[in-house]
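Chain lettering (A, B, C, D and E) follows the sequence in which the chains are written, and residue indices restart at 1 in each chain.
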Amino acid sequence: MLKKLMNSYAKRLALPPGTLVHLGEPSLSDTLLSLIVYDKDTCAKYDATTLEDALGKMLPDAVSWLNITGLQDTALLERLGSRFAIHPLTLEDILNTGQRPKTEVFDGHLFSVLKMIRYDETTRSLDIEQVSFILGKDYVITFQERPGDVMDALRDRIAQGKGSIRRRGADYLLYSIIDLIIDHYFISMESIGDDIEELEAQVLDEPSPALAKELHRIKRELLFLRKAIWPMREQIALLLREEHPLIATDTMPYLRDLQDHTVQVIDTVETFRDMLGGLLDVYLSSISNRMNDVMRILTIIATIFIPLTFLAGIYGMNFDVMPELHHPLGYPAVLGVCAVTAVAMIAFFKRKGWL
Amino acid sequence: MLKKLMNSYAKRLALPPGTLVHLGEPSLSDTLLSLIVYDKDTCAKYDATTLEDALGKMLPDAVSWLNITGLQDTALLERLGSRFAIHPLTLEDILNTGQRPKTEVFDGHLFSVLKMIRYDETTRSLDIEQVSFILGKDYVITFQERPGDVMDALRDRIAQGKGSIRRRGADYLLYSIIDLIIDHYFISMESIGDDIEELEAQVLDEPSPALAKELHRIKRELLFLRKAIWPMREQIALLLREEHPLIATDTMPYLRDLQDHTVQVIDTVETFRDMLGGLLDVYLSSISNRMNDVMRILTIIATIFIPLTFLAGIYGMNFDVMPELHHPLGYPAVLGVCAVTAVAMIAFFKRKGWL
Amino acid sequence: MLKKLMNSYAKRLALPPGTLVHLGEPSLSDTLLSLIVYDKDTCAKYDATTLEDALGKMLPDAVSWLNITGLQDTALLERLGSRFAIHPLTLEDILNTGQRPKTEVFDGHLFSVLKMIRYDETTRSLDIEQVSFILGKDYVITFQERPGDVMDALRDRIAQGKGSIRRRGADYLLYSIIDLIIDHYFISMESIGDDIEELEAQVLDEPSPALAKELHRIKRELLFLRKAIWPMREQIALLLREEHPLIATDTMPYLRDLQDHTVQVIDTVETFRDMLGGLLDVYLSSISNRMNDVMRILTIIATIFIPLTFLAGIYGMNFDVMPELHHPLGYPAVLGVCAVTAVAMIAFFKRKGWL
Amino acid sequence: MLKKLMNSYAKRLALPPGTLVHLGEPSLSDTLLSLIVYDKDTCAKYDATTLEDALGKMLPDAVSWLNITGLQDTALLERLGSRFAIHPLTLEDILNTGQRPKTEVFDGHLFSVLKMIRYDETTRSLDIEQVSFILGKDYVITFQERPGDVMDALRDRIAQGKGSIRRRGADYLLYSIIDLIIDHYFISMESIGDDIEELEAQVLDEPSPALAKELHRIKRELLFLRKAIWPMREQIALLLREEHPLIATDTMPYLRDLQDHTVQVIDTVETFRDMLGGLLDVYLSSISNRMNDVMRILTIIATIFIPLTFLAGIYGMNFDVMPELHHPLGYPAVLGVCAVTAVAMIAFFKRKGWL
Amino acid sequence: MLKKLMNSYAKRLALPPGTLVHLGEPSLSDTLLSLIVYDKDTCAKYDATTLEDALGKMLPDAVSWLNITGLQDTALLERLGSRFAIHPLTLEDILNTGQRPKTEVFDGHLFSVLKMIRYDETTRSLDIEQVSFILGKDYVITFQERPGDVMDALRDRIAQGKGSIRRRGADYLLYSIIDLIIDHYFISMESIGDDIEELEAQVLDEPSPALAKELHRIKRELLFLRKAIWPMREQIALLLREEHPLIATDTMPYLRDLQDHTVQVIDTVETFRDMLGGLLDVYLSSISNRMNDVMRILTIIATIFIPLTFLAGIYGMNFDVMPELHHPLGYPAVLGVCAVTAVAMIAFFKRKGWL
């Protein structure tokens, strides 16, 4: 689980900085390339076999979106790096899938790392995958760890020319991708929100020990979500502040919208954390109350019957001289004393509010 | 409940940014338009049937307040957007009722989103509704989710020309609306404050398990209130800092007053949260004390009678040779030992402070 | 209690901003005016009957201190406002006694709101009263809610010409008043500090359930004190930064001194809060320890006597064939087993550290 | 104890600001003056009887260190104040020994207040004493509350001309004094660190109720230490930023070194606080564990013997018709059932992990 | 353990600032010098016997890396200091191994202090060692406390000319060393992460009292790690901001990379701390649940058998007149009542959810 947070750095230790080693979990599939080239009028989609093949299909006056899935093929990355003048440390960051979300501004391009989050309903856990972006004048290159992503809706939109995306540049494409990723954060938040509501209902109605573990599970998911999303706020703020030539002025309102959404997710994560903290308090106090209930029953039984049992024990003794034993009303008298004592005690407990 | 915090984003996923989809809870009523047009001397109120109808009634040298209730009619919003040059993302924000309070400055107008809060005394929960504002040179457009709002007092004031509102511009109208909304925050705070005082009295006097749930309920309401009101501070601060041409200099003191009120609400929310934290401590320690009381009673009973019962058990044994049984003073001696033991134990407990 | 924090806003709702309504608790006494006019050589004190009367007595080259006690007479405030060109929102702030401490700078004057705090030894609670100040070129106007204040010492100083106050301007008078108010904060802190010390001694020596409520009480007083004093730091910092023409350069060191004192009070409040948190921990752990003591006694009694009672029960059975019963040493043997068992158990508990 | 934090302000109340009243604990000894005058070649030490006597011995081209011990003699302070043009509020700060550490920059001199801290090994508590400094062009005046300080090592260094102190100015003397005081903070921290280590060993090995009080004691000492040292960071930072003419450029690295040490002490205080918080958790959970142990023993005893005692009770009944009683194997059968039940229960508890 | 945090300051007290005293734990080995001199084409490695020997081997146009292991030989440091114009306070900082990580910029060189951290798998504790750096135009001097470090991989890289290190200057060498040190932070984090995962599995599956101590141990390690790494963020940020002439522009991206890694470690430490906090909650609530389980069993046994034992006690009394005893169905009737009562109670507990 914690592997989501860190990579095995041991394999990097003896190597110079900028040496490309894939530090994430090894993926089973091959590295796949897919390319979408579009402008106002046309749109073509290729599943390229080689990088050179894909680069050959990029057109000068169109927007190209090159998506690379799988990060094992470090040779391919090196070729890509030299073709687009990407700094070796940036390539290293792409391969290091434990990267903190960040944005770096270079002369000819802009580099950004995000976390793509999907909530897996079957395992009820977050599936966190790192996505890196390189935005150039007329291209966006995206790097994913594993096949399968959240961007098919966007691909359809480009193919069908819905919205303004075909009339706009690469910066708007980048925005659209990040917007989709953040929309999926909201969907993950909704799923976690549903889990919290269910948990809240259970904690308030019938608290059971298993809920503590469920609380812990959700708290941990929120912790990971928070770690993935907190740095994004400052990163987008940086883009808004720096006014990079690659980002057109009319794309800025869209970035501000991204910023708003990010802050909204962060706000909700914090609210959820506060709610879980509150639920833990309710859970613990309801555990205490159950304990109290159990203790009360125990105390009442003991308090009523232990003295009576002593009384019965007294008249079970075998002394020769015990005058009460021979009195004809002795037995009913003892039974009466028992009954009166029991009733008195019950009344006492009622008054104490214990019954 | 958490739906107040988030919308179902799933329906937005496949759509381009700026596509208008209403993301809040569906409202049962139709979209309603009402228009108030006033200047120093005249004031007219219309319940317009169509947007075009309403736009036709807006006068050049008067202040127009167009209120739109219900957000289902996205076509109407699009027409409004193109008429007043509203950015598509702003229209999207109006429809997305899970929006974080914010203020955005555009060239010809100013856009603001707030939460209108009313405390529903019957369900004892906050009723949070999103209100959006567009302030232009001589108009204010307000968007509400549901019929019914807190602004009737203001409508009367305009109609009757009370105060200076008729002599001032659209910026003062916007201020007056926000001021009313924040005044209702205070009223909600008062209701929550009353609930806390009642809870405090109960926790101090007779703590019962139900109080933990009540504590949790109020804590959650404060959490929602806080989430709704925290961002307002920075938003109003932004307006004060930026000195927008749409806001007259003599309206600035009023905005500063709004700012003060917002900070006051935030302060009170924080104080309430601290108080609830303190109440939880008192509650938990009083639960512990009750537990202690119960344990003490149990221990005293057990400690007194269990040894005595053993003594009675001894003399209930059927050994042939038990000389004590045949001594004439055996029985009273045993009773005496019992009495002395009991008294000694009670004295011991008294000294320990357990009785 | 919470009324100290908020006012009933309901009555303000239907009114335009700037309408004067007194929002605090209604005072029983009338609105009283008192005026002190002094310069280097002379000093006169008047209990004026009307505002106009008082205004007539203010002299051009002397410092006038007009004190208004009681805020019911809104008409008087309106007349005062128009005489000294006070903004309607400022008048509203003076009447709204749930105001957060703040300072506002206007063209001809400076407006400040503070909380005057006295610790009432009989009810052992803080008595918080709002005081507002208007500082003009040669006058200070103070507004109080109720008769009785902490400023008699200052009035004597002016009358007797002690210190440099008579040789200085209105800004120094304002400083002197605020200084006195903050000195009273220290005195309140001292009283609360005494309460905490007493509580600490009790918690460490003989923790009793009542202490949890006492802890809660002090915590709440500190919460109110903190809410009253936190905003003052930034307000005085603002004055120091802005260098207002009404405040002479040689008064600045005095303001810096005020700032120091405020920070000192805030520091002490925070330290007290930390100490109370620590005391709660000690209290709760001593409650746990008592519980443990009680449980230990219970366990020892039960562990020793329950098995022995069972043994006695065995030989109390009425089976025909129980050879031990007929052995002459049976009875002493059983008693011996009981004694040995009891001693062994006690030794076991001693070793466990339970006895 | 809390007297360390505050002074009795009551006696100041009726006095004008700047009136000199000593607010600390009254000292028993007289006010003592001692003067060291040194330059590169000579060094003289005087125990002056009067201020005038001391002032007469200060030489124009040498560095003079005037140390005043005891703050009762307010007349002496006033004379000193008028001689060195010290602001009345500064003199008041020197006398107010509950002062927060601060630095103030004046035209001809620089004023600084610190806390001198020594850990008293016998009472195991911090001994906090206020020291004030006035740095002029060629003199340093220090004010202490009580005789005895940490500066003898420095006096020896000056007398013997060790290090560069004799070749440097008054600013370096001030630095040397503060450096010594901060070194003593480290020594106090070491003593507290030893206490924490000892406490940690005890909490982990054999938690006893007394440890909660010890935890509380150390926490409180840290609270006081923190309150004394936190403000120093900003004060030294201020000196570094402002570049005062009285402080030579080559003294700046030394101030930066002071700053480092202060931050290191603050860091260590925070780490200690975190450690104490962790220890409290361990302590509380070990208390819980002990409780659990006790409960387990109780439960096992009760669960084994209470049912068996009931069985014995059954055959102790005196019914005429109880066939089992007359069966020759009845008694051994009951004993067998008892044994089997007991063994079965012990096995059950073993499986539950309770034994 | 805490000795890692502080040194014995007592020995420094009587000495002037800048006097060189080694404040760390005394090392057993001698002070060792090793020198690597390299340029694009050549690389030589010397284990120098004396400082002068080493200095003689440094070449003007090559990069020299002088590593000094062991800090006892203060005379050597003084000679080094005068040769490279190192400020006495810097030398003092090198010797004071309780130093907080920091970077200081001087005219001809740059001084930096870090903590080198290795996780010792056998003792399962962090091994923290201070490393100081002096970066000059063409040299880097490193100071270590003990023999053995993490830099052998780097030495091999230089010797074999892997990566670009041989083609770059001393600034890149410094970066490479710090990069290696931070990579080891990640490895320590991984080990701690593994410990946390193991602990989490145990806390969720079979909570035992020993886990509280393990939790405490990891928390403490994180505390030390955090203390060592927090200041590094600001120190690297400082280097990035100040643009020192000793650091080439093309080394800046590498420093930014260092900054990213530091922030990533800090993020992970914070996440680990949050996780441990969550684990403590789970642990405590599972302890409570076990307690509840034990109490429930106890209550059930007591509640079922104590009343039945009383019933048996009744018919064990020896009264002359007890008609039930003589009824032939008396005994089976009592047995029946016992059975019915027991069954009823079990049903009651089932309904309560206690069984």
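Assume a residue touches a chain if its C-beta (ideal position, glycine included) is under 8 Å from a C-beta of that chain, and two chains touch if they have at least 3 such contacts.
A quick note: this is a predicted structure, and the numbers were derived from the prediction, not measured.
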Minimum number of chain-to-chain touching steps separating chain C from chain E: 2
Distance from the mean Cα position of chain D to that of chain B, given in whole angstrom: 42
Whole-Å gap separating chain A and chain B, where each centre is the average of the chain's CA atoms: 26
Per-residue multi-chain contacts in chain C, two or more chains: 288, 291, 295, 298, 302, 306, 309, 313, 316-318, 322
Starting from chain A, with chain E taken as the next chain, the full ring order: A, E, D, C, B
Touching residues on chain E, where the partner in the complex is chain D: 1-2, 5-10, 12-19, 87, 89, 92-93, 98-100, 102, 104, 206, 209, 212-213, 215-216, 219-220, 223-224, 227, 280, 283-284, 287-288, 290-291, 294-295, 297-298, 301-302, 305-306, 308-309, 312-313, 315-318, 322, 324-326, 328, 330-331, 334-335, 338
Residues of chain C touching chain D in the complex: 153, 156-157, 162-165, 175-176, 179-180, 183-184, 186-187, 189-190, 193-194, 196-197, 204, 253-254, 256-257, 260, 263-264, 267-268, 271, 274-275, 278-279, 281-282, 285-286, 288-289, 291-292, 295-296, 298-299, 302-303, 306-307, 309-310, 313-314, 316-322, 353-354
